[in-house]
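Notes for the one structure printed next.
Just so it is clear, A, B and C label the chains in written order, and each chain counts residues from 1 on its own.
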Amino acid sequence: MPDLLTQQPTSARAGPPAPPSGPAKVRVEDFTASFSGCAVLHHIALDIFPRERLAIIGPAGSGKTTFLRSLNRLNDLEHGFASTGRILLDGVDITARDVDVAALRRRVGMVYAVPIPLPWSIYDNIAYGPRLAGVRGRARLEELVVGSLRSSFLWDEVKDRLQEPALNLSGGQQQRLCLARVLALQPEVLLLDEPCSGLDPISTARIEEALAQLKAQYSIVLVTNNTKQAARASDRTAFFLMGDLIECGPTQQLFTNPSHHRTSDYITGRFG
Amino acid sequence: MSRPRVRAAIRWLCTLAKRVNQETLVSVVLTAMALTAVSGLAVITAFIFKEGLPLIMKVGLKDFILSSDWHPLEGKFGIFPMVVGSLAVTAGAMVIGLIFGLGGAILLTQFCPPRLVSILKPSIELLAGIPSVVYGFMGVVILVPFIREHIGGPGLSVLAASIVLGIMVLPTVISISVDALQAVPRPYREGSIALGATEWQTTHMVMLRAARSGIVAAVILGMGRAVGETMAVIMVAGNTVALPHSPLDSVRTLTSNIALEMAYAAGDHRKALFATGVTLFVIIMILNTIALRFSRRRAGGTRSR
Amino acid sequence: MRHNPARSQILAITVMWVLAALTIGVLLFIIAFILAHGVPHLTLAFLSEAPRSGGREGGIFPMIVSTLYVTGLAVLIATPIGLGTAIYLTEYTRESRLTAVIRFGADCLAGIPSIIFGLFGFVFFVITLGMGLSVIAGALTLAVMVLPTIIRTSEEAIRAVPRAYREVSYGLGSTRWQMVTRVVLRSALPGICTGVVLSAGRSISETAAVMLTAGSSLTLPRSLFDSSRTLSLHFYTLSREGLSMANAYATASILILAILAINLSAYWLMRRFVAKVS
């Protein structure tokens, strides 16, 4: 097993990332979100491009998770949520009332901070999403399960125990299972909400390595409290502070030469 | 309706169902189901009152409840002996229910090792599952002769009914009291022990006081059960329409009255039995409402039921 | 003599153990007594023959069939409605005036004595709806009786499923109904079954309500609209009219054995449920 702790982070090895090309995959226009009248996001404007990893950093309570959950309309589950502004996925506004949210969530998948495997076998966990979408054939399901387990670097560890309960896996394995669960839906955008909080360094490194490979196919948005993780595992970074988007730019540039003084204050640890 | 018409109708229903959003359909169906419990209650109340209230109006509320003259075939409908019978039997049952029930609940929550709890709890549930007619039968076969020979009276008595009913309400009293005691916040108990009290002192000075409203609810709900019990009481209480002067006298309760005479009652007599049902219904509703109010007022916050 | 708390404790505990032992003793005594007197008379002939001369001789086959019909139908009718109500209360609405009213209705229904249900069933199903004293009238009456139990146990079972599972399901693109059926009900199933099984137990034991609605005919019910006599009612009639002690004990034994089987399966189901959800 390669010693992942001593390897150079993939983004550093690959050199500075290419600037984002082509039209935005997701465009956020003047987006304001509030819970029961209390605004938590103010006039956010942001683009997310295909084949990039966008990290979102900022202190607690800045609205990072709210922003992430708005991208797949998961905030609809909270009573009292309201928003203005638009979020365009491939040019189509997903905040509109008549949007099929179930289909949206299949295109924009999410991995949560705490791994939550469903109390079933590993296979059933991963096959759940495709089954919801109507996939029936056993061959097709198996293809999706194996493919997503490979993409999340979990295949080797579970290939001969797919029928075992998912709850028997370790924390890091469970989180990769949750990633595979989302990948089985073949989404277009991946949202990750502090996916490595509570995981040991090796599991963290595995997930970051998976993300580095996955960016070739998906847009990835990664919310993290760990600025160092943002520095090593993303192409662009956005800094949120108390509901406002302060700055967004290429990761290397943001961390070495930020435009805004609040950004440099946060990165250097002056507050947090 | 001819076959092709039926088939066309079914086809039309299916296309309609497909067009209607599945989620909306599910919501409507579930809402309808949820309203059955309330509508069931409303319908039951309506019918019982519709059948029984006119007679109470006709005889006069005071005469109906307070007169001791129950001669239905002569048009006399006074249910006072039955009211007293029900109250007497229930009071006796609650004495037993309270002593054994509260004692059992305290034992289960404060003093019982877990291994024994897993034997005692299912046993209590089993006690609740035994049919009332079996309890009545055991009362007739064992209890009534015993009372007749060793204590006095005809055996079929308030005492026999109280004992049988007391055993029958035990599961109710125990389970609600256990809930009440377990809802007392742990710091109460731990704080008391930390101050040097023994567990028994903690129990009767702290826990019982904190769980008081829940225990009251348990007793009142037990009373509700006892008042509503029919078959066991018929078998052991004697069913004489007379005011009891001692626990050894035979009595008839409101429930027994209905069950015994319904089979051959007609006209006003039948309506009088419904009126007895109305009386019973009102008593139970009052008891249950008081009990529910007590069970919501517990130490340690609210509980969603 | 100074008040000694340690000694009072020992006294109190002893008293309570005596009370508990008495209670359990009564339970065991009842079961043992009935089974000892009744099991010797439980022959195959008894179980498969019809009663003769009013129950003094012969068997109890029609009563067994009747009990199965009435109880089975009652549970079959009450379960979807009770489960639907529980799903509605937990997944399809938020706490509001309406849910409080529904809960109040169910709680009140739970406290109504069985004889009142019998009266209602008689007036409504037997007379007003014209079903006559019949299996179906009895089943419908019992269904209303056990409805609150099913609602309560189903609700508790559904609430025990962790909230996070629901969000995971939504996040993977499920509709609410898909989430309820594929995730919540799948996990809550043993708990729900416990409630259904316990309701079946209550239905079997019930006498007063069936007496006034299903009637007491001794013949085998051939359709839902035939009158029939359930096991518990038969036992009551046999013992009160002194027709045959042997048959009475045997009938009671069947009842007790059925209750034991039901309670055991409910207990086993509950343990499976606790293991699954924790």
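As a convention for this text, a residue touches a chain if its C-beta (ideal position, glycine included) is under 8 Å from a C-beta of that chain, and two chains touch if they have at least 3 such contacts.
As the structure is a computational prediction, the values presented were derived from the model and not from experiment.
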Item to check | Set of chains whose contacts include both chain C and chain A | outcome: none
Item to check | Remotest chain, chain A as reference, centres from CA atoms | outcome: B
Item to check | Chain centroid nearest the full-protein CA centroid | outcome: C
Checklist entry - For which pair of chains is the number of C-beta contacts greatest? => result B-C
Item to check | Whole-Å separation of chain centres (CA-atom averages), chain A against chain C | outcome: 50
Checklist outcome for this item: Chain-centre distance (mean CA atoms) for chain A and chain B, in whole Å, is 56
Next on the checklist: Can you work out the whole-Å distance between the CA centroids of chain B and chain C?
Outcome noted: 15
Item to check | Contacts with two or more other chains, residues of chain C listed in rising order | outcome: 175
Item to check | Touching two or more other chains - residues of chain B | outcome: none
Next on the checklist: Please output the residues of chain B touching chain C within their complex, sorted ascending.
Outcome noted: 22-23, 26-27, 29-31, 33-44, 47-48, 51, 99-100, 103-104, 106-107, 111, 120, 122-127, 129-138, 140, 142, 167, 170, 197-201, 203-204, 221, 224, 227-231, 234-235, 255, 258-259, 262, 273-274, 277, 280-281, 284-285, 287-288, 292, 305
Checklist outcome for this item: Per the touch rule, the chain C residues reaching chain A in their complex are 94, 164-165, 167-175, 178, 182-183, 187, 276-277
Checklist outcome for this item: chain C partner, complex, touching residues on chain A are 72, 74, 77, 79, 102-106, 109-110, 112, 114, 116, 118-119, 128-129, 132-133, 181-182, 185
Item to check | Residues on chain C engaged by chain B in the complex (per definition of touch) | outcome: 5-6, 8-9, 12-13, 15-17, 19-20, 22-24, 26-27, 30-31, 33-34, 80-81, 84-85, 87-89, 92, 101-109, 111-120, 122-124, 128, 144, 147-148, 151, 175-177, 198, 201-202, 204-208, 211-212, 232, 235-236, 239-240, 248, 252, 255-256, 259-260, 262-263, 266-267
